[in-house]
Amino acid sequence: MSADLAPEELLIATVAGMLDGLRHVAVGAQSPIPGSAALLARARSGGSLRVSMLGSETHSPFTDGGRELFDCAAQGRIDAFFLGGGQIDGQANINLVGIGDYPNTKVRFPGSFGSAYLYLLVPRVILFREEHTARVLVPKVDFISAPGVSDDDVLRTGGPHALVTGRCVFAFNADKRRFALASVHPGHDADEIREHTGFDYDVPDVVPETQTPNAATLELLRGRVADEVAETYPAFAARVFGAADAA
Amino acid sequence: MSELFTSVEDLAERIPDGAKVAMAPDYSGCSMVTARALIARGARNLHLIGVPSVGFQGDMLIGAGCVETLETAAVTLDEYGPAPRFMAAAKAGTLKIIDGTCPAIHAGLQAAEKGIPYMPVRGIVGSDLLTHRDDWTTGTDPFGEQGGPLVLVKAIRPDVTLIHAPLADRNGNVWIGVRREMMVMAHAARETFVTAEEIYDGDLLADERLAPGTIPGLYVSALAEAANGAWPVGLFGRYGPDDAHLRDYLDRARTDEGFAGWLDEFVYAPKAAE
Amino acid sequence: MSELFTSVEDLAERIPDGAKVAMAPDYSGCSMVTARALIARGARNLHLIGVPSVGFQGDMLIGAGCVETLETAAVTLDEYGPAPRFMAAAKAGTLKIIDGTCPAIHAGLQAAEKGIPYMPVRGIVGSDLLTHRDDWTTGTDPFGEQGGPLVLVKAIRPDVTLIHAPLADRNGNVWIGVRREMMVMAHAARETFVTAEEIYDGDLLADERLAPGTIPGLYVSALAEAANGAWPVGLFGRYGPDDAHLRDYLDRARTDEGFAGWLDEFVYAPKAAE
Amino acid sequence: MSADLAPEELLIATVAGMLDGLRHVAVGAQSPIPGSAALLARARSGGSLRVSMLGSETHSPFTDGGRELFDCAAQGRIDAFFLGGGQIDGQANINLVGIGDYPNTKVRFPGSFGSAYLYLLVPRVILFREEHTARVLVPKVDFISAPGVSDDDVLRTGGPHALVTGRCVFAFNADKRRFALASVHPGHDADEIREHTGFDYDVPDVVPETQTPNAATLELLRGRVADEVAETYPAFAARVFGAADAA
């Protein structure tokens, strides 16, 4: 790992690797790391990947109002999307509503947004949450904003693909209805992951380290992609790629 | 047509206590100036509908005690973090929250737009949201081709849609550009009240480039010119949020006393000074 | 993106025999140039969907034997009177006509746009249309508030939407102004093929006045530049119909021989001359 | 009746009288007489009547595509609309599909357009058909594009108000499910109406003559309204109001 690789750069490259080969990725508002990952994947795709950045005035991809993202997903035109959660459990259920016995929540989160819908419709949903603690990654969420798995009688064309945190990558196995540790980020280890994860998950005999971006990817990321990211997330771009910009 | 134009204060007077009011999120068209007028007139028991979420506007109205019920997919201040008065009200249990999800709110408004009692919506099945909504139920495909239960969302018909727009003309046509959720809100609501940044000198419907982003005056009950009417949040394509003011608001709104001070300074004082 | 742009002939090639093709009425955006290319390539068994009606485009395609099924609320040439080749085919019983009504066609496309299997529609009950449609059924309000049966219209998902538009840009964005039924058609269809009067030098989505009337390139499969592509009907905001040609067409199309002569002169001959 | 009163002017004034006091009238494409009537009623309303002319480029009232007229009607925002019919029967059923045993029609009409919907939703539907013959006004239509009356269990907020022809005005009585002759145009009489009407209808003891427009109405019609009509229907305006224009 390059000494000057920012943690965000590792996460961006990791998420981007999950988007290669897709046709259309949509990114919600306030998602600088998934957004950067989508732009990196686009830069590597030679123009075949379309990215719809929802928080972006300059990239506003839709012209039919707030419903269009959801209609578009139902049409099968969105291959990947990102969701997070105040709580995420071992069945990939996500909770964006609150902690405690709903409706009498002790801690209130902002709300479910479109998760209850998109999670069931977008084929490759990547769960992204930088904070990797037992407070977030719980055995069972207190409120299911959107379910990780569904019974066979539910029409479901989408669902969780992976969970990317600040410490590791979990892959989701829909058949087993549980996560498996896929890789651990440099500087972290499997024991630490176990300690900070509230839910049970599978662990392979050998846990690989999350692959760091190669020089070509880093150059693309710090150059063209950083410029594109700055249109939507200027503060984020300045903080993460600032040095590269000045170079 | 002359009675179409009125003052911001009159708009606030014409939104009765208990009204079901549809509002846009911070990134769309928020009539913050009317929200302050609602607080100033002491509005009570409002049922706010976030289309599909609310931001500072909702937080301020909740903090001022104007809101009984909040129907929304989220309360979000985006990068500014948690909404302090919403969080306080949620914790105190003084706010009835009807938790929804964006596409169901859009679908409910579309049902009202079409005069149909409900709209089928994909997804949602398996979410705890469904178990807490008596205005959602499930059904099946009557043609038997698409498997799985389908969520049926009851039509959402606001009493009032309240928005701020960049342009309006003398005929009451209102330009909202690509923010077409505001057009659905206007179609779905009994009445639509608009503040406009600027009055356009001409007919918005007569310009082939402006007409496609225009809500026809047919749907607009009353209109007030209000430059900077979205302040302190931004207005798409016109101006950004007043970052310093919003950060100051967040700082003060952490406590009841701080929020009361903010109200005195920015809502009640300007009124008293008139 | 380079493969996005192609020729009119290629568009016609890529609309396979038997395809379900959504088309606009004469007053909206008709890709008449592609309709002629479809006739020239000998297209067969098309299922045309008029959104919500068809005009000269439908009459010509029907006359040339390209159409097996016509799903529409009407076939209308407006002030030009009855559609001669449609009338002849209807009389001969060689055309399967699925009679609908405008709002049901719009609703069926909106259902496809939303990925739901059907859309409830008001009205229609008591019309004989209902008794002849196996893709319409009736249901009730699951919330028990709105009385009366409700017609449930099955989703209409075209294989292809074929339209002509005033402007398109290099990214495949297509400006259709207020003719937004063409946007629903593009959302609902598997593929959308567009001819554009003119290529816009810039990004239609980047202009706040053009974006609201623009179909994003996301929905556009292929695009051909075709000046005067709606001829002999008009294109909204650009040019009117070629009245002399249309009256000549109507005169000739009264008979099979006359129509064959029109085809030779205006469809096959230009092709042969290439 | 003024010697130079055009038959169209009488029809326009007659229809306009049915629109006074309304808030919003929509007029379909290819409807010069109903369109002129709506514009005349607007001119007399002092600005309180809104007219949406659908065939008009200059007055294009809608911005949400072809569905908006129908959605707008369902919202209760359209007070009056006009329908015609290849056949119209005594229960006010209209047939826009064809003559004969559907689908094997002997004569095919253009199709039902939005009639099946608007007839049930718009409170005051005015049936307008200049041709008044037993061929058009039949005992029973061969195909009901839109029904004149509905059973009590049908949600219906709209329906037929009157039938205006080139010879007379019939008022529709929804309770009795039949028409009554309301007035006969100057130059026609009740016997002639009976002869040319295929359906049965009520006739009052004294049949009034259709009121001709007064001088003020005619002046408005031939001046301001003629100019407005000419924007959408130039040929019609020139033919009917041409002399007035030249004056």
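A, B, C and D label the chains in the order they appear, each numbered from 1.
Keep this in mind: a contact is a pair of C-beta atoms (placed from the backbone, for glycine too) under 8 Å apart; a residue touches a chain by one contact, two chains touch by 3 or more.
Since the model is a prediction, treat every value here as computed from it, not as a measurement.
Inter-chain centre distance (chain C to chain D, centres taken as mean C-alpha positions): 29 Å. Here the CA centre of chain B is 37 Å from the CA centre of chain C. Chain centres here are Cα averages; for chain B and chain D they lie 40 Å apart. In chain A, the residues that reach two or more other chains under the touch definition are 60, 62-64, 70, 74, 121. Of all residues in chain B, those that touch two or more other chains are 107, 114-116, 121-122, 146, 150, 178, 180, 183, 211-213, 237. Under the stated contact rule, the graph of chain-to-chain touches falls outside the line, ring, star and complete shapes. Pairs of chains meeting the touch criterion: A-B, A-C, B-C, B-D, C-D. Across the complex, chain A meets chain B through its residues 29-30, 55, 57, 60, 62-67, 70, 74, 96-98, 102-106, 108, 110-121, 143-147, 150-151, 153-156.
Residues of chain C touching chain A in their complex: 1, 112-116, 183, 187-188, 205-206, 211-216, 218-219. Listing the residues of chain B that touch chain A in their complex gives 27-28, 51-53, 72-76, 78-79, 82-83, 86-87, 90-91, 93, 97, 99-104, 106-107, 110, 121-129, 132, 146-150, 178-184, 236-237. Those residues of chain C whose C-beta lies close enough to touch chain B in the complex are 107, 114-122, 135, 137, 139, 141-143, 145-146, 150, 152, 154, 177-178, 180, 208-213, 237. Touching chain C in their complex are the following residues of chain A: 24, 47, 50, 52, 58, 60-64, 70-77, 121.
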